[in-house]
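These notes concern the structure reproduced below.
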Amino acid sequence: MADHVYKHIELTGSSQRSIEEAIQNAINKAAQTVRNMRWFLVTEQRGYVEDNTIAYYQVTIKVGFTLED
Amino acid sequence: MADHVYKHIELTGSSQRSIEEAIQNAINKAAQTVRNMRWFLVTEQRGYVEDNTIAYYQVTIKVGFTLED
Amino acid sequence: MADHVYKHIELTGSSQRSIEEAIQNAINKAAQTVRNMRWFLVTEQRGYVEDNTIAYYQVTIKVGFTLED
Amino acid sequence: MADHVYKHIELTGSSQRSIEEAIQNAINKAAQTVRNMRWFLVTEQRGYVEDNTIAYYQVTIKVGFTLED
Amino acid sequence: MADHVYKHIELTGSSQRSIEEAIQNAINKAAQTVRNMRWFLVTEQRGYVEDNTIAYYQVTIKVGFTLED
Amino acid sequence: MADHVYKHIELTGSSQRSIEEAIQNAINKAAQTVRNMRWFLVTEQRGYVEDNTIAYYQVTIKVGFTLED
Amino acid sequence: MADHVYKHIELTGSSQRSIEEAIQNAINKAAQTVRNMRWFLVTEQRGYVEDNTIAYYQVTIKVGFTLED
Amino acid sequence: MADHVYKHIELTGSSQRSIEEAIQNAINKAAQTVRNMRWFLVTEQRGYVEDNTIAYYQVTIKVGFTLED
Amino acid sequence: MADHVYKHIELTGSSQRSIEEAIQNAINKAAQTVRNMRWFLVTEQRGYVEDNTIAYYQVTIKVGFTLED
Amino acid sequence: MADHVYKHIELTGSSQRSIEEAIQNAINKAAQTVRNMRWFLVTEQRGYVEDNTIAYYQVTIKVGFTLED
Amino acid sequence: MADHVYKHIELTGSSQRSIEEAIQNAINKAAQTVRNMRWFLVTEQRGYVEDNTIAYYQVTIKVGFTLED
Amino acid sequence: MADHVYKHIELTGSSQRSIEEAIQNAINKAAQTVRNMRWFLVTEQRGYVEDNTIAYYQVTIKVGFTLED
């Protein structure tokens, strides 16, 4: 790992069920164009409310991936 | 949404099961006096420990609601 | 509680399943050497990604415990 | 001013024209129920984009008002 | 405490004598309309100066109170 | 909106006239390569001074856009 | 620019019209005693309210200027 | 001081009288097991309220002490 | 106050007795060279410990003063 | 510079020798795909330890580059 | 790494030569009592000045180490 | 040190070689007009890039100096 260079991108994913699933949904979508994702950091947890019930969670993450040679 | 004015209140809800349920419990209680809640932002996640086990989660949220005419 | 003195330690726990379980795992390990843990505060939520899937969560907490006489 | 007690509320106002007007719109709406507003502090400046153009600004402020006897 | 929901309000109190008295003055005034205050967190400590002497302290606190059923 | 994934980019735009125009200039340039921009958050407001006059504003924003399927 | 040393000062300017004019007013006053101002960074945006109307903006900036030989 | 290494610990002390006494109470308790404490930094000031009166202050400090050879 | 320009300076004062006296000591010393001080904001509270006792408090403040014409 | 638009990216570079070299390594790798890099801001400095020795530094930077016409 | 629990400690090391050496000096001293140190995060960089020259650097780090079974 | 009052100033120094030299360059220039500098705190580390190489570091520090009687 001593000679890796990482790039970070910031994403927001959503889920009607849980904070964990919102993170996975963001990673699923990013995987269509980004390779070599290694880690994430949660930077914001929000949600939307309808009829006094949590309609969905919105979780923002920074994702780090290795830049390939 | 361009002409809405939102007011924010800050609440702490608790749950013995999960972070998500602690948020919903705060919203349930607030719904007794506040209408038109739209979104929340998690600002603190704490919890209490008894006998080396998480006894309950305590999650603080900012909740935004529309001010009606 | 007015005459208690608390000491805080910072720990990172991991779990393949959920943020909540990562917190409990940190507390389990600390319980081998620390007594009288009372509360925790979540200070960071990270995770590792393998094959575009969350491999495990890594949650950092501050834990407060009472200093005994 | 030495014996005043202030309460703070947090509001988000919107405007299609400017940051300044979004602040004034939030104060206008709050004035329907709050008296004696004295000052504000800008805590967030956002906006919405439609067709690559700023559709409206959304400015969040803390407003302080005197609690009357 | 596991099923309590707290609401937080933010207040600024003043005192010519001490930081501690400024906090108590804010709580005294809030007690005219708020019940069940449980704790406070100091978020800002300011003061005003006249003739090179501290004329009064201005301390801002967040106060948490239980929402009753 | 419950199944959207947003990506955020950070931009700095400039204007000789106003903070608002500096934001729009950043969005104009980004629109040459980015589609579906939805919102922005102001993260820094700077400016340059020449002959004791504001020569231009430099406003940094985070812009969120939807990742398409 | 590689061998410049900058000193920063912090100022608050006011204006009844706009955030931009409050910044320029702070720079005008500082120009009576400070030379070679190069840039500013906005660190706080406040304002005062009278009769539910913004009476004036109060904008705090850090200003950097070159120390001359 | 150029070759000292300091370790920091975080403590919360309480007092019914003042913020200053709460700090000293935390140091008194820590002195039962820690030697060579040199300085402290206040990181949080809270308190508990009973019958609309401050029941006690709770002050959190970081304490630095020299690691001995 | 609408046309005042304030300059801020940052000072650290000390006292063996209290946080309040440390602030006043900083203002006393500054008064030898600065006129028209109006307010202060506490930005850091530290202290030094000798023989497990608070030897003195060290309080850092930002002080605002009016720039005269 | 008044009409430039900058985009920022975030990178983490590593080095076994120094913080400065870790920054340069991140820029070297980014230069394979990004043109017109102008400045960087250090946002995090970490490192890994093996056998009680710093094995390598890991420095995270934001890099700004001009968007070309 | 998925089942590791880390504990973090905070240390300040000094050096007359460089920021990097101050970090290594803190780790050297901690190694007398702590095993399995894995990583560090720089949280503060200070220094002392004598005769207008940097006398020594003082760097504060958080160090993470694995809790053993 | 118990009766010292410190004033803090903020400076940015540059160097083509290292972060440490940029700090010393800022102190050298300030020494032309400020006496009794005691310590510094690093508050920002930036740099400029030319042809994909670090052209120079720009380090911002707060410097504390004793106010003399």
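Per-chain residue numbering starts at 1, and chain names A, B, C, D, E, F, G, H, I, J, K and L are given in the order in which the chains are listed.
Simple rule for what comes next: a contact is a pair of C-beta atoms (placed from the backbone, for glycine too) under 8 Å apart; a residue touches a chain by one contact, two chains touch by 3 or more.
Since the model is a prediction, treat every value here as computed from it, not as a measurement.
Considering every other chain in turn, the ones in contact with both subunit F and subunit J prove to be A. The chains in contact with subunit I as well as with subunit L are G. Counted as hops between touching chains, the shortest connection from subunit G to subunit K is 2. Among the remaining chains, the Cα-based centre furthest from that of subunit J is the centre of E. The distance from the centre of subunit F to the centre of subunit L, each centre being the mean of the chain's C-alpha atoms, comes to 32 Å. Mean C-alpha positions place subunit D and subunit K at a centre distance of 44 Å. In this assembly, the C-alpha centroid of subunit C lies 22 Å from the C-alpha centroid of subunit H. Across the assembly, subunit F contributes residues 19, 48 that each touch 2 or more other chains. Contact annotation for chain pairs lists A-B, A-C, A-F, A-J, B-C, B-D, B-E, C-H, C-K, D-E, D-F, D-G, E-H, E-I, F-G, F-J, G-I, G-L, H-I, H-K, I-L, J-K, J-L, K-L, with touch applied as defined.
Note for the complex: subunit G touches subunit I at residues 9-14, 16, 25-26, 29-30, 32, 48, 55-56, 60.
Of all residues in subunit D, those touching subunit G in their complex are 18-20, 23-24, 27-28, 31, 37-42, 63.
Residues 1-8, 62, 64, 67 of subunit A are the ones that touch subunit J when the two sit in their complex. Subunit H makes touch with subunit E in their complex at residues 18-19, 44-49, 52-54, 57.
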